[in-house]
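Quick one: structure below, then a few questions.
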Amino acid sequence: MGRAVAIIGTGQTKHGRRNDVSYPELVREAVVAALEDAGITFNDIEGVVHGTMPSMMEGVSDTHLYFADAMGAVGKPVLKTETCGSTGQSIAHCGFYWVASGAADIVIVIGSEKMFEGDGQATMTTVADPWFTQQFSAGAPMVFTMQSMEWIYRFKIPEDTAREAAAVISVSNHDNALNNPYAHIHQKVSMEDVKNAMIITYPVRLLDVCPSSDGACAVVYASEEKAKKICKKPAWIKGLSFRGEEFFYGESNKSIWPSATEAAKEAYAQAGIHDPLKDLDVAEVYNPFTYQEMIFYECFGFCPRGKAPDYVLKGTFLMDGQLPCDPSGGTLCTNPIGATGLIRLAEAARQVTGKAGEMQVDGAKLALSHAMGGIDQFNGITIVGSEL
Amino acid sequence: MEQQKPKEKPREVKTVASVPYELAIGPTWSKFFDYLEEEKIMGKKCKKCNRIMVPPRAFCPRCFEETDEWVEVSQEGIIETWSYATLKFYGQIPDPPFISGQFRLDGADTGFFHRIAGFDLSNFDEVNKIVKLGGRVKAVWRKEKMGDIMDLDYFIPIELL
Amino acid sequence: MAKEYRTTKNDVTLPYRWALGKAWTIFFDGLKEEKILGTKCNKCGKVFVPGTQFCPVCLNDMKEWVEVGQKGTITSWSLVCNTFHGQVKEPPYIQALIRLDGSDNDFIHFIDGVDLSDIKKVRNKLRIGKKVKAVWSKNKNADINDIAYFTLTK
Amino acid sequence: MRRVGITQMAQSSGVESKENLMDFTYKVNKEVLDKAGLQRDEVDCVIIASSDIFHSGLSCSNSYDWDGAGAFMIEGTRAEDSMFSFIYGCMRVMSGHYDTVLVTSIVKGSENAENDALTSFFADPFYSRPLGMNETSAAALQMREYMERYKITEEQCAKVVVKNLGNAVFNPYAHIKKNIGVEDVLKSEVVCDPIKSLECAPKSDGVVSVILASEDKARNLCEKPVWVKGFGSSMDHFNLGDRDLLNGQLPTAASKAYKMAGIRDPRKKIDMAEICEPYAFQELLWSEKLGFCGEGEGGKLIDSGETQIKGAFPINPSGGVLAMNPYVSRGMYRIVECALQIRGKAGEHQLGKKVKSALAHGTHGFAGQSHSVVILEG
């Protein structure tokens, strides 16, 4: 079915507060890095895909126009795709289908955000409708806390166990980020630090929550023929999927999150994965909140429902565990929203091509990347592998 | 003039952008708010899957059929989840601390977003003793109706009634 | 916007602080000193104003800053008469594209110093190809309004 | 490459709707699914074109639009512009991964501020925005250059308005319908000289949907699929000053589409065109760039009468964007009009001549920064 598509290069900026560069300059930094990694030039690019958080975050509408020059897109076709937090995966999918369709052989996909330039929480509140939701879903932490509490409630998870496991996730992500030169937060934290941090929305504390970052990421896609010609070790796209529930949060059961579950199921079917815990070598799960990451583990079939805290406490998802999750330090340590989902994919691709440096999971061949968006509405997944 | 350097540290331009919108509420939600003025919480039922949805829908997003039947649901329900916030967020009406909750009102098939209030929210530990997952709450109405969601002032744990 | 059906006013007001980056900072610092600075591409040799980090055509970095002329010719202009939310200036005003001496692209700015009350008169006075020069603001904040406007040269 | 066919389509009128955006969206998508005889979840993929918050007052507009698009728990995504969404929808079918893709574009212009207020946000915050740049003022700069360089007259530009608003009288979906004369246009209020108010597109509501399908599937879903023969798009420099406003990226976009469709002489091979002309003169300029007439001959083209609805080469028989401007959706309205004409289902404004091949054009950004072209065939 369709043409095989590979990732032949990735590029990232150093993430964090980047007021040393204007927004277009930040975007260009990632693009130049990706081209360099792929060993190609602007002239080789046939199409450009771009996405950010909704433009209210940027204060500039239709940023594909603003960044046209920075992306090297002049004289080329551009597609702009946006699905809130899951933008990074949506643009990744767009790049894939563009090449798979045969309409282009080499396409660059660019995600970016400058969270320090706008008001992230305020922007997220404008996602909610003004009639039923905006009044009560103020800011992302509130929504994610609601979801975590529902999960704890429905699966009768002891609150202490959930707290302990969430702290393990925070500590391990912060540790992993120390190995990632691009990560925003480089800070060693202890279990006690996490458990005693300031409460944001109970039970979520400061160190359970991702930062706001400036940053950009670019990924270069190529057709099978081109990839084999240009790149010694491409990362092949094995499966991809995107699902969304209703707009109103309360209409679907978020403790078993159908969109995350179904998106994974579909991507696994395409990639021929039957037992994800065994078959996958590494996962880059979009984890802006520690508690929420555990819900993803369950939705993605890494463990049975309600059992994620036990698996976390067993060390299953640590660097030396059965399925290392977020070796890059994940979203928890770096979150330029429009780029975040694409960074997950770039990191997964680096893992399966052995380019992950200090973060490398030995012998990784098959990796999952993921992002979620909306008011807990959307989930997108891309699976990459070292073999065609 | 090669390699000219900025004279100061990186600079930023600060501004506030404001854009006005006026959004149509539409007949279905207008009617829902009319019902709120009568202190009734009304849902709409899908004739295909029979789910009763609150807030009401003009169509069922799953079956993709228009809904036609209005059904009153209970003003009491179960707390499916809740969250306690101490920060003031953009667009938020009540001042912090405040509690958002999702309730399964008796007779409804969807979770309903609103707030929990009606008692002292200042101390989290005290709040945590009162608000329980699975606990029951009841609607309390605003005296002067304005035709919006806050006509339903808040939900209160029934033990406090 | 008075509607005869039920609506909700939903005004969105959000704060921003946009980073200028090095190139814009240099450019605006220049304006403060009454200099209009461009950057020159070492590949195509063209001068772009305002100066930018990279050549929009060749896409390579531009590091050479040059001062361009404060005079130029009108490439195009428009007399703005309509009003809308958030407008930067009370109409009527003139927006123009101006090719500054010593540069290879057009510079956007206002043209003023002509009687704007009668469009016919404005059309007679302002023609594509006419010469204009920059008029500086007294109070400068290192932003684009440090140039008050351009005006026809005598 | 797999062939892609348009099987069914539906559109709302451009007139202000009292419906909530969500329900307004539902009605059109329900209609297109019913026409195709498909249940919502029988569609493989949904692509939503909706503007970001600047046009809807809601961020991540795809969140809110998801339900009305029928996308609950099926593969889906969103693209910024309706032409982009349509092209992306075609790619999804061409990739072999999807047999049916519903593409819908959604906007309610009646709910937001003036176009100039919203398009001001296209501008960068440091330079062109504080100088008041927006879509209309950029177009005015372009128009003056066009008139000056090629001696195009204001009367010729005004004729476009007369033609398009006149065509719209027969289009039940159009928003602004008027039988007027050139004098009326010339006398209308100056907006940004030389652009006058009747030469500017209105603000409209508009939901428009199509169901795309692979060849086999398309034949199952309708009697006469309209085939997508070619598409192309291209992006210009952001800064107006870096561009030649009369020689932008439309020829690049068009040549890609023509090449894909195997068209060498567009004027001969194509029977009609729907051109995105938010400002009247742009129909003339874009016609040149699409190769329908020689350089600088846009004025002559309208004078010749050939682009009239009864002419040899009708342009904008629907009334175009001047008659209806649902900002994000306007590109896909062009596509749907072309498809209806090819099918012979355009109703009162159906062309007298047979339409085998038609061209739809879309643009956004200042003075045509981004152009897209789609070529359809019966």
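Labels A, B, C and D are assigned to the chains in the order they are written; within every chain, residues are numbered from 1.
Everything below uses one rule, namely that a contact is a pair of C-beta atoms (placed from the backbone, for glycine too) under 8 Å apart; a residue touches a chain by one contact, two chains touch by 3 or more.
As the structure is a computational prediction, the values presented were derived from the model and not from experiment.
Chain pairs A-C and B-C differ in how many C-beta pairs they share in contact, with the greater number at B-C.
Taking the mean Cα position of each chain as its centre, C sits at the greatest distance from subunit B. Subunit A and subunit C have CA centres that are 39 Å apart.
Between subunit B and subunit C the centroid-to-centroid distance comes to 46 Å (mean Cα coordinates, whole Å). Per-chain Cα centroids separate subunit C from subunit D by 30 Å.
Annotation for subunit B: residues 10, 12-13, 15, 17, 19-25, 29, 61-62, 90, 148 touch two or more other chains. Along subunit C, residues 5, 7-8, 10, 12, 14-22, 24, 28, 56-57, 85-86, 143 each make contact with two or more other chains. Touching of two or more other chains is recorded for residues 18, 22, 53-54, 57, 66-67, 72, 111, 113, 117-118, 121, 125-126, 237-239, 242 of subunit D.
Taken together, the touching pairs cover every possible pairing of the chains. Those residues of subunit B lying in contact with subunit A across their complex are 10, 12, 15, 17, 23, 25, 29, 53, 55, 61-62, 80-87, 89-94, 100-102, 110-115, 124, 128, 133-134, 148-150.
Contact residues of subunit A toward subunit D in the complex are 1-3, 22, 48, 53-57, 59-62, 64-69, 73-84, 90, 93-94, 97-98, 100-103, 123-124, 126-127, 129-130, 241-247, 258-259, 262, 266, 373-375, 377-378.
Contacts from subunit D toward subunit A in the complex involve residues 1, 22, 52-54, 57-64, 66-67, 71-81, 84, 87-88, 90-97, 118-119, 121-126, 232-239, 242, 249, 252-253, 256, 364-366, 369-370.
Chain contact summary for the complex, subunit C toward subunit A: residues 8, 10, 12, 14-24, 53-54, 56-57, 59.
Put simply, subunit C touches subunit D in their complex at residues 5, 7, 10, 12, 16, 18, 20, 24, 28, 48-50, 56-57, 75-82, 84-89, 93, 95-97, 105-110, 119, 122-123, 128, 143-145.
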